[in-house]
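Take a look at the structure below.
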Amino acid sequence: MDAYNQESYCGAVRPAERESPKKEEDDAARSIETYDGELQDKKRRRRVLAGRILVGIFLFAGWELFTRIGWMDPYYWSSPSEILKTAWVQLTEGTLLRDIVYTSGSTVIGFVTGTLTGALLGLSFWWSKTYAGISEPFLIILNALPKLALGPVLVILFGIGFFSKAVLAFLMTVVTSAISAYGGVKSVDPALETLMVSLGAKRRQVFTKVVVPWSMPWIISSLRINIALALAGSIVGEFISSEQGVGRMIIYAGTILDINLVWVGVFVLSILSMLMYWGVILLEKWLSKRLAIISS
Amino acid sequence: MDAYNQESYCGAVRPAERESPKKEEDDAARSIETYDGELQDKKRRRRVLAGRILVGIFLFAGWELFTRIGWMDPYYWSSPSEILKTAWVQLTEGTLLRDIVYTSGSTVIGFVTGTLTGALLGLSFWWSKTYAGISEPFLIILNALPKLALGPVLVILFGIGFFSKAVLAFLMTVVTSAISAYGGVKSVDPALETLMVSLGAKRRQVFTKVVVPWSMPWIISSLRINIALALAGSIVGEFISSEQGVGRMIIYAGTILDINLVWVGVFVLSILSMLMYWGVILLEKWLSKRLAIISS
Amino acid sequence: ALLTGCSPSMQTQGGSTELKKLVIAEPVHLSGYLPLYVAQHEGYFKDQGLDVKVIQATGGTHVTAVVSGDAWGVIGGVDSIALGNKNNSDPITAVCNCVNRANVYLFAKTGMVPKSGSEADLKEFLKGKTIVAGRHGGSPNLLTRYLLINLGLDPEKDVHLIENADASTVVAMLQNGNGDVGNGAEPQICEGISKGIWGEPFYKFTDLGDFSYSVISVKKSTIDKDSETVQKFVSAMKKALKAVQDDHEMAKKVLKQEFPTLSEDEIKASLDRAYADHLWSPDGVISEKAVTTDMDMLLKTGIYSGSYSFQTLVDMQFVNK
Amino acid sequence: MSESCKIEVIGVSKIFRRDGKNVAALAETNLAVREGRFASIIGPSGCGKSTLFNIIAGLMPPTTGDVTVDGQSIVCRAGTVGYMLQKDLLLPWRTILDNIILGLEIRGEPRAKAVERALPLMEKYGLKGFDSHYPNELSGGMRQRAALLRTLLYDRDIMLLDEPFGALDAQTRLSMQNWLLEIWKDFGKTVLFVTHDIDEAVYLSDDVYVFSARPGRVRAKIAVPIERPRKPEDLTTERFMELKHHLLELLSEERDPAEEIS
Amino acid sequence: MSESCKIEVIGVSKIFRRDGKNVAALAETNLAVREGRFASIIGPSGCGKSTLFNIIAGLMPPTTGDVTVDGQSIVCRAGTVGYMLQKDLLLPWRTILDNIILGLEIRGEPRAKAVERALPLMEKYGLKGFDSHYPNELSGGMRQRAALLRTLLYDRDIMLLDEPFGALDAQTRLSMQNWLLEIWKDFGKTVLFVTHDIDEAVYLSDDVYVFSARPGRVRAKIAVPIERPRKPEDLTTERFMELKHHLLELLSEERDPAEEIS
């Protein structure tokens, strides 16, 4: 902050390259927004990209180096090269690919069904305040329930096959999705409902033409959390019981003390979860566009 | 919907008892809002309370009954009376109380430190778009990292004592908290920054007087998720290695196949997590009031 | 038997439609269960018209899975079966042995060794030590407690037990000084030795002799209704147990297939120790002593109370046929 | 009131309950508007103008009194009049066209037919080419037009317009006023119009009702003697000035000391 | 321009770059306001009025030209003039009092002293008793007062007011105008005032600058020959009508065909 000076400030404070304010009506703000922003933007974007790559390389190179010269114990920390090697072995000789498919499968199934069911449930609360009021605490309890600790009970309820993982992923997502949708329902602009009534609409029409589209951004906003939850559900499900899956692989690697393989599992999961995250972001964009939803 | 008729509708559609729209300026809406709302409100509130209690009683009574008459196998499902009995034994003769204190302790410590650190980190991103841009993907990766699978590594890094559970709780919360705070920072109304500059404010002043208070609702909004994450972190920490704690108790009960005790653990965790949730809601209210934060 | 001509691999899928699908639940994926994997890989099950799938189920759920009917059978200790049979109207019964020794070893940080193997020296050595014992309720933990009790030590007071859920963390804990003594099996032992954290185990629970550490068990009702399948399964297991004893090379090959990321050294160490300590039952028979020792451990450690009977826990009719 | 009245408000009053207290929003009010007339209502903020409109539109029951159209009570019968609420209230996820035909859609008319009716209107009244735009892409004036066209297309004899031009700047406002007069001339609807702007009320109306402060009540009914068609220049005539003066006086007598504290 | 000019805008223009294209927001503009005068700027929406104010306030550099106060350039020097932005922009988490003293706080004045200065002003100018209220508890008019008092308390010789009363209803607006005139009289500031409302511009100003459509440029400078103190009645005089007529003409010549499409 010492380097701060008036002259540059005039250019620099442009809250500028931030995301533009929700409603564009705010002229005073907009006007100081993008002065020469484009050029600077480009430069900064290049700098950011370079920075990211550099930091990434540093992290991995440092890791490799430190484990080689022994500053980090390679037994626990493994090393990028070892991890890559193990991943290759597991991919070609082991079952890594099958495991990934298995885990992704149950995650996606649980995610889709859970989100849809939850959304419908949440939307249904619009129909009756009494019904919604009665259900609310049970939703919260379900949400609070530590599904991870339910191991034995889950095995009884859903068995030990693929289905049980999908169910766990479903359970993890359905509640948040319902809570989000309910949040949307609660926030519906009463003026829009009034408008519909003034046009002689029936409740069903108010629901389909106002409540549902209005709540879409809320439902969509739960997607990102849900994909992570669904993945966690699948993995915990695999921790508890499984014949396949990345979760099983990690548990297995732990028991045979193959730290390399643990790291492979960790990385595969990270990559998987990031891929799914991106997928969801694309889905969000697509949905938002299709539904012409303007920032909630 | 068949029972729907115009006459009652006129009274009933009042989007009425919903939460009022964000800005109260909307007269057209407000005017049809609370006509005779109070009386109906009271009635409904009573009905909702009765409904909740009834459903709760039904659930437990049904559970007890079905396990007694054998429609549900008491071997898995235990029964409320059995669970209560076991809980009592564990409370008076076992270590339940100590376990609860242990788990709550690490959760709260991790939650508080994690949320604060994350918030500071997120806020710091306001200072440089480049720095923020470089950090962002690493935050996302950290967020995606399956901390649960890192068992062995975590033990190496943080040991096996109380501290390691708190650290895991911290790790679980710090990233979401940072992401939330960063979300707040990104959404700061540029017009307010402009205002500050027009009053001759330095960057430091813009930060403390606008960016921080503006981001508070975002930070606060992460509290609810964080308390759940912190609890999950503590419990998983206890799963990995522990001498005490509710998580350890559940693992133990699972291993020796004591289903009653598993259920006790599940209930204790649920209650704990709900208590913490309520605590956080109170905290939120208090913070919002103190900081005079008006719906984000 | 539908197929004759035992092909060593699983390429021949000819009569797959007629194969009976069975699921066996295992608590962990362990080299100790090698005979089971051998029967899978070498086609012994297929020869019997069975298609056996092994599913990992942790935290006691391996037994629950059988009770709920999701798994046909379970591989695990007689102790876990006894625990699972409490209040259970359809008890689980052991039908075939697999691991006939308590596959747990105690080791101490390098430089620490009891003066001798005698009980008195052992007691003196262990007193006041911090022991990384594995999660409470698990076999290694219970065996350690059992030993302490037999030596006249109180597990809660005279030593400090650290109960890690993840067996692999023992290496880190001893290295970091979080413990003096640890328990475990291969590959941990070999791992610690090669890293110089500990030396050869100073106490082998295998010395307890016959111990029903891992047996194949199914529901009583399965035995009553479908004894034919049980018989086929046990026959295949017996064949595998014998093959493991006879053909060390084949054992090594299957082990390598099941655990592809294990190094050559680790596999060799595991096998050598297993053969040396007579880990695997040669014939599938569960002796009364094996169960008694196991149950004695449960009773002494206070995990199990009440009585048990060998007859309800074990049914040797298929092995003996 | 006279037999030929299209819409009559007879002794309507409204009392709200809030926090256990009764709040009188509208004192006993009587209005009668003949078919095809343009009547404006002006009055201080909070005097119950929107409340009155909500009652007429059938969105809430009055505490006392009755509202009739052609002699028949329409209390609590939503959908019998066209009502343009105080905000433009377009559904943000619908295109302008789909917003305009919303009323027809609710009534169950097939989309094709509705579009067929909507497009010429949009073309004629300055929304040509905007059918597939979304509301947030339009200026305030355009949005108001769309909302008004929606009300128009809903095709009721009576239209209630609640401060339709309140949020527009002066220049846009003037052109919208002319636009509204044009529509009114073309369709011959009976219009009830709420505004805060005296110029606007006088420029548009046949009659101006001045409401008293809360609880609202008709304080005066003033006929506007300026002949139609009117031009913006009429706003600067002597006659107009007098009228404005008179209305300003009526209104300022109404203002209570705590005027700005809403 | 004359030597005694308090503030001078000399050949200022502004070109924005957006999506790779250059957008001229403000053509070369010259203004000069003498000390203690009240000057208004009117012009179509988007003609660059706010842009000009932002440049004067030092928030952005002009593409060409210079702005001087007492002969010294103030380009890019934020904080040398008091600027009330187009929105009231009160910080919602601060009480009204704390909002009003924000400028002083930033300048580092001790709170006690700032409060001491603020309270009498609040009392005098209609915000008495509201010091510990939060902005969202106040009506639009009150909020505007607070924002104006903040600008006033910031204590610069020059105040830029960008459509301060744009969002208010007609009645509140009138009282706010009188209130502003009172303040202006009391403090003798040099005021630059942007508005869309011709009545308002005439009623308040010594000079009215009419801007052309985008890119904006001074099209005419009209002096208002009505003597002060002015009364609301002045709005209905012949003299006033003429002036208004003239301004309306100037403005309407400016309007392009696509007027409503913002």
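A, B, C, D and E are the chain letters, set down in written order, and residue numbers restart from 1 in every chain.
Assume a contact is a pair of C-beta atoms (placed from the backbone, for glycine too) under 8 Å apart; a residue touches a chain by one contact, two chains touch by 3 or more.
Just so we're on the same page, UniProt names per chain: A, B = Binding-protein-dependent transport system inner membrane component; D, E = Aliphatic sulfonates import ATP-binding protein SsuB.
Computed from a predicted model, the values in this text were never measured in an experiment.
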{"item": "Chain D reached from chain C - shortest hop count over touching chains", "value": "2"}
{"item": "Leftover contact groups, counting everything except chain B", "value": "one piece"}
{"item": "Length of the line joining the C-alpha centres of chain B and chain E, rounded to whole Å", "value": "47"}
{"item": "Distance from chain E to chain D - Cα centre to Cα centre, in angstrom", "value": "33"}
{"item": "Centre-to-centre distance between chain C and chain A (centres being mean Cα positions), rounded to whole Å", "value": "40"}
{"item": "Per-residue overlap in chain A, given as positions that touch at least 2 other chains", "value": "9, 13-14, 26, 28, 32, 73, 76, 151-152, 156, 191, 194, 197, 239, 254, 259"}
{"item": "In chain D, residues with contacts to at least two other chains", "value": "54, 58-59, 78, 85, 87"}
{"item": "Sequence positions of chain C contacting 2 or more other chains", "value": "59-61, 64, 68, 166, 168, 172"}
{"item": "Residues of chain E that touch chain D when the two form their complex", "value": "44-45, 126, 138-142, 166, 169-172, 175, 196-198, 232, 236, 241, 244-245, 248, 251-252, 255, 259-262"}
{"item": "Contacting residues of chain B [partner chain A, same complex]", "value": "1, 4, 9, 13-21, 26, 28-29, 32-33, 44-45, 47-48, 51-52, 55, 76-77, 129-130, 133-134, 137-138, 140-141, 143-146, 148-153, 156, 186-191, 193-194, 197, 202-204, 206, 225, 228, 231-232, 235-236, 247, 250, 254, 257, 259, 262-263, 265-266, 269-270, 273-274, 277"}
{"item": "Chain B residues within the chain C interface of the complex", "value": "74-76, 151-152, 155-156, 159-160, 239-243, 248, 251-258"}
{"item": "Of all residues in chain D, those that touch chain A in their complex", "value": "54, 57-59, 78-79, 83, 85, 87, 89, 91-95, 102-103, 105-107, 134, 136, 154"}
{"item": "Chain A - residues contacting chain D, complex", "value": "191-192, 194-201, 205, 209-210, 213-214, 216, 291-294"}
